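Chain naming follows the written order as A, B, C and D, and within any one chain the residues start at number 1.
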Amino acid sequence: MKAIKHVNVEKGMKINDLIKEFSNSNVMQAGKLAKAVDILEKMIKDKDCKVFFGQAGALVPGGMKNLILDLIRNKWVDIFVTTGATLTHDLIEALGYEHYQGDENADDEELNKKGLYRMYNSYMDNRAYQKIEDFIKENFDELSKAKKINDFLKILGSKVKHKDSILRACYENNIPIFCPALSDSGLGLMVWGQLTQGKEVSVGAFDDLKDILDIAWTSKKSGVFYLGGGVPKNYIQQAMQFSKEAAYGVQVTMDKAEFGGSSGASLKEGISWGKMQSHADFVDVKVDSTIALPLIIASLKERLL
Amino acid sequence: MKAIKHVNVEKGMKINDLIKEFSNSNVMQAGKLAKAVDILEKMIKDKDCKVFFGQAGALVPGGMKNLILDLIRNKWVDIFVTTGATLTHDLIEALGYEHYQGDENADDEELNKKGLYRMYNSYMDNRAYQKIEDFIKENFDELSKAKKINDFLKILGSKVKHKDSILRACYENNIPIFCPALSDSGLGLMVWGQLTQGKEVSVGAFDDLKDILDIAWTSKKSGVFYLGGGVPKNYIQQAMQFSKEAAYGVQVTMDKAEFGGSSGASLKEGISWGKMQSHADFVDVKVDSTIALPLIIASLKERLL
Amino acid sequence: MKAIKHVNVEKGMKINDLIKEFSNSNVMQAGKLAKAVDILEKMIKDKDCKVFFGQAGALVPGGMKNLILDLIRNKWVDIFVTTGATLTHDLIEALGYEHYQGDENADDEELNKKGLYRMYNSYMDNRAYQKIEDFIKENFDELSKAKKINDFLKILGSKVKHKDSILRACYENNIPIFCPALSDSGLGLMVWGQLTQGKEVSVGAFDDLKDILDIAWTSKKSGVFYLGGGVPKNYIQQAMQFSKEAAYGVQVTMDKAEFGGSSGASLKEGISWGKMQSHADFVDVKVDSTIALPLIIASLKERLL
Amino acid sequence: MKAIKHVNVEKGMKINDLIKEFSNSNVMQAGKLAKAVDILEKMIKDKDCKVFFGQAGALVPGGMKNLILDLIRNKWVDIFVTTGATLTHDLIEALGYEHYQGDENADDEELNKKGLYRMYNSYMDNRAYQKIEDFIKENFDELSKAKKINDFLKILGSKVKHKDSILRACYENNIPIFCPALSDSGLGLMVWGQLTQGKEVSVGAFDDLKDILDIAWTSKKSGVFYLGGGVPKNYIQQAMQFSKEAAYGVQVTMDKAEFGGSSGASLKEGISWGKMQSHADFVDVKVDSTIALPLIIASLKERLL
């Protein structure tokens, strides 16, 4: 049995040194977070391991875009599974709009009159949607060559000029983006808008499964990293189930197991499904992603760069 | 200002009478639940209103299937948006398998050896997946005629023989099922399995948007009813945004606004987006769906049948 | 392995019949709630068992007073441990004031100007505090004879005239009220107010421990029933630890184990402490008390009256 | 309207620099945490302001003891309100015992046999209680001179030899410790143990109120800092209500407003009560204390030392 070593902090302390303190205390959610960094370090360093990164939640309006870019540009993740919302938010910024600091207690009727959409305490200018529509229209001939969602997103990424874009970074770094529910987003709606104007697209609803399963099958080992739950987590989990169990796992979420849904399910539960190896290195961390992710990335930079 | 009337309960009390007591106290989550019943009653009775029902979470393994069937068979909902998981669970039962009472503290390695998949404190027999595969294979010629996910699910529903099936009930009652992330499920994987065997399907990833938006555009009024968040909620919310704002709204979820994601977002936030009328009748209820839904349905039966 | 039986509800259904449906499904939080009712029924029927009831949270402003009275008047609980806030709220109503239906999004500055205190979506008239002060003053000679908090509260209860008062009902039914943090409440402050005016009281801070431990020691068996956590839960838990382990346990709380505090700790954790028998009948239910308690009491009335 | 500046992290980054990044993004819980640091910096620097620190939850077994010591030794807080549990855990370590790294999924029956008490994923050796009893016995003559809980704790602190003790540090730095529910703890039980052996103590249950209210009345301004809710938060809140409203407020808690209790109540709600100035600088942060506190203290050291 190991004693808990109390966490010490100092003036000028580096983030990674704090995470090491958390590792020494090894208790409560701070201990879990330190374990998450250790496991991510291992899975990234493991040459045989493909890292499947699933992300849900408003991380771009949440100021976390550059940290997702860090994961991509450092090739710390091999596959990116996300929501249509994240890609829409990314594209909005890539096309010159920004997200704004807001107030969760604001008068939503007032915001509506001002043309501002609220996401908790961040705002988006509703004119951004017009910009996406124009961009999709402009590039539709090429986009419509895609037969799969991940191809569609690769083409889309190739068209983005803004250097700090997730879509573009994935394209440049050959990281496939899976987004099973792309139609469930502003971006999806703008594609549909083209269809209403007589354009055609034949992206299949099931075809991406082949690609993610091929990657999962052919990797020697798999690791999973989830920020939030939803479709991205589940889509990776089922790829593990139908290929081989993950050897590493990190889940950061505020969703809870007690209400039975997939988003809050513990990684441990995945063992019953054959999604997670029974002796895998894994951890669930119950802390908001906007705090956990920066601490994780700063520590990984210290350890891996 | 109205005084809180303390809730009284009696021996032999009927559920709807308890909900009326909650309505009189009109406070805390009990008051919110009573308000949810009142708003649902109104939106269902309102002849001009189409009810969009979005559902996420393991409600079939959670013992709630018959209550979803009640919503469908009584035509209290007009459009059903759900997850691939719910449809998979429904199909599993329709094909003769059951879900089992389990233990959330079970040894997941043991369960895996026994072929049991765990969802919190419920289990599924993993042989059920084979049955789905066979069923899909058998009916693939017809299924592959579908060009849209909701058509695919309508055909699927027409093939189900089990009388207590959500898929079948929606088919019989002409309620379209939208499932944008169908590929993110066991059912989706079994469709893909057919593709690997040389079969073809050309269900498009974006084409369902036309159908849900057409319904939203052509209805005089819209009401939304969410059990859980995820894609189903967001898919309806964006349909409201791109047609007309909802006039009624009920959201039952344990997800929280503070972490910024769409699942936990308050209905009030939707006003800023033009998803919800600024003077709509709406309420957020923070209680597990497996407790809220039975109370709601029992009260609606008392009031509407 | 038992199959999950889907919950059925009917027009005119009685609450206890719904709880039995939950018992048959035996899954998710609905199943936990049914188990809670079963365990409470058992511990109340068990003649050898003393029931220790711990309650925290704003249940009087939450419209639940009559249900707490049901527990007391039916002698379904033998010991009541609560917060100063609950007793203050009870006394406020006993002295003729009411709690009001409010709005959690209200302008708190406006409320302050109007003399209204907000507790989530309930309000209290701040003039009620003056009434408590007068009442304490009036009865101070007798109150000051108390040497222990539970004696103080017994005298207080004897002075209350309002028939629907928790303080009075406990007095009439010989149920001791423990309130270790009585000074942490409006009621406590009003006692202190008397001290500032030269009055004296010699209620000891530690003396109640003898009484609760004596009850715990001399009972053949103990059962614990917690609504919320805080001091009331912990005070009972430590009485179990220093006497004999509880044989039955029901905990209804929205607090979570993951953050390490006593309020969210699972009852199972109590086994390590010797607070709960390792083979006790116990359950944790994650649902708001204002919904759980009425369902529980209505079912108990059906079963026990 | 200010744009959200995306958070950047670098190799070797200092904690305070990350908090500044959070301040620039100013969104989601990361933004709230940065605001908490800014407000704490202000309230500590404000010479006219007394800082009331309320703490609940297992922070000593959570590895956070040294950070609480930092707050005390730097005199960043003027009044400490806590639970009996925290003081018990502190005394256990002061008397030579340690807390241990554990597993929240451990077999509690096994732990019980080994004499280990579990608090989520930390353990305590049950022999520590004997040590506390001996220590109390040894010092009882002096302890029994106390008439108030804060005096009792001051004497207790003066007897502690271990240099890294909260009790001792408060004694040495003249910071009063309020613990209204001291009897609700292992420490309280050991005091009671002396009473059963014929010893006497006359610590009053209400007398500490005078002291905390005197401090609140005589300070020019007040600031409140809460880690967790429970009695410590409420006891400070009522001191604000009965003196003057707080000018600054920081609350770090995972408890939720929706369930109506005092622990989860927003600081904003305090405005209605006259506990918080309507234009006070305040923020609620929804993150586990074991992650928030180290980030806060490290940043404060950078800014204030």
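Assume a contact is a pair of C-beta atoms (placed from the backbone, for glycine too) under 8 Å apart; a residue touches a chain by one contact, two chains touch by 3 or more.
It should be emphasised that the depicted structure is a prediction, and the values quoted were computed from it without experimental measurement.
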Shared touching partners of chain A and chain B are C, D
Greatest Cα-centre separation from chain B belongs to chain D
Here chain C maps onto chain D under a C-alpha rotation whose angle in degrees, rounded to the nearest 5, is 180
Larger contact count among B-D and B-C belongs to B-C
When centres are defined as mean Cα positions, the distance from chain C to chain D in whole Å is 25
Cα centroid separation, chain B vs chain C, in Å, comes to 35
Whole-angstrom distance, CA centroid of chain B to CA centroid of chain D, is 43
For chain A, residue numbers touching 2 or more other chains are 28-29, 58, 61-62, 105, 120-123, 256, 258-260, 268, 286, 288, 290
Given the complex, residues on chain C that touch chain D span 56-58, 61-62, 85, 104, 106, 108-109, 111-112, 116-123, 149, 180-186, 188-189, 191-192, 195-196, 201-210, 213, 228, 230-231, 234-235, 238, 242, 254-263, 265, 268-274, 278, 288-290
Listed in rising order, chain B residues that touch chain D in their complex are 28-29, 105, 256, 258-260, 286
In the complex, the residues of chain B that touch chain C are 1-16, 18, 21-22, 25-31, 33, 58, 61-67, 70, 98-102, 105, 120-123, 164, 268, 286-288, 290-292, 294-295, 297-298, 301-302, 305
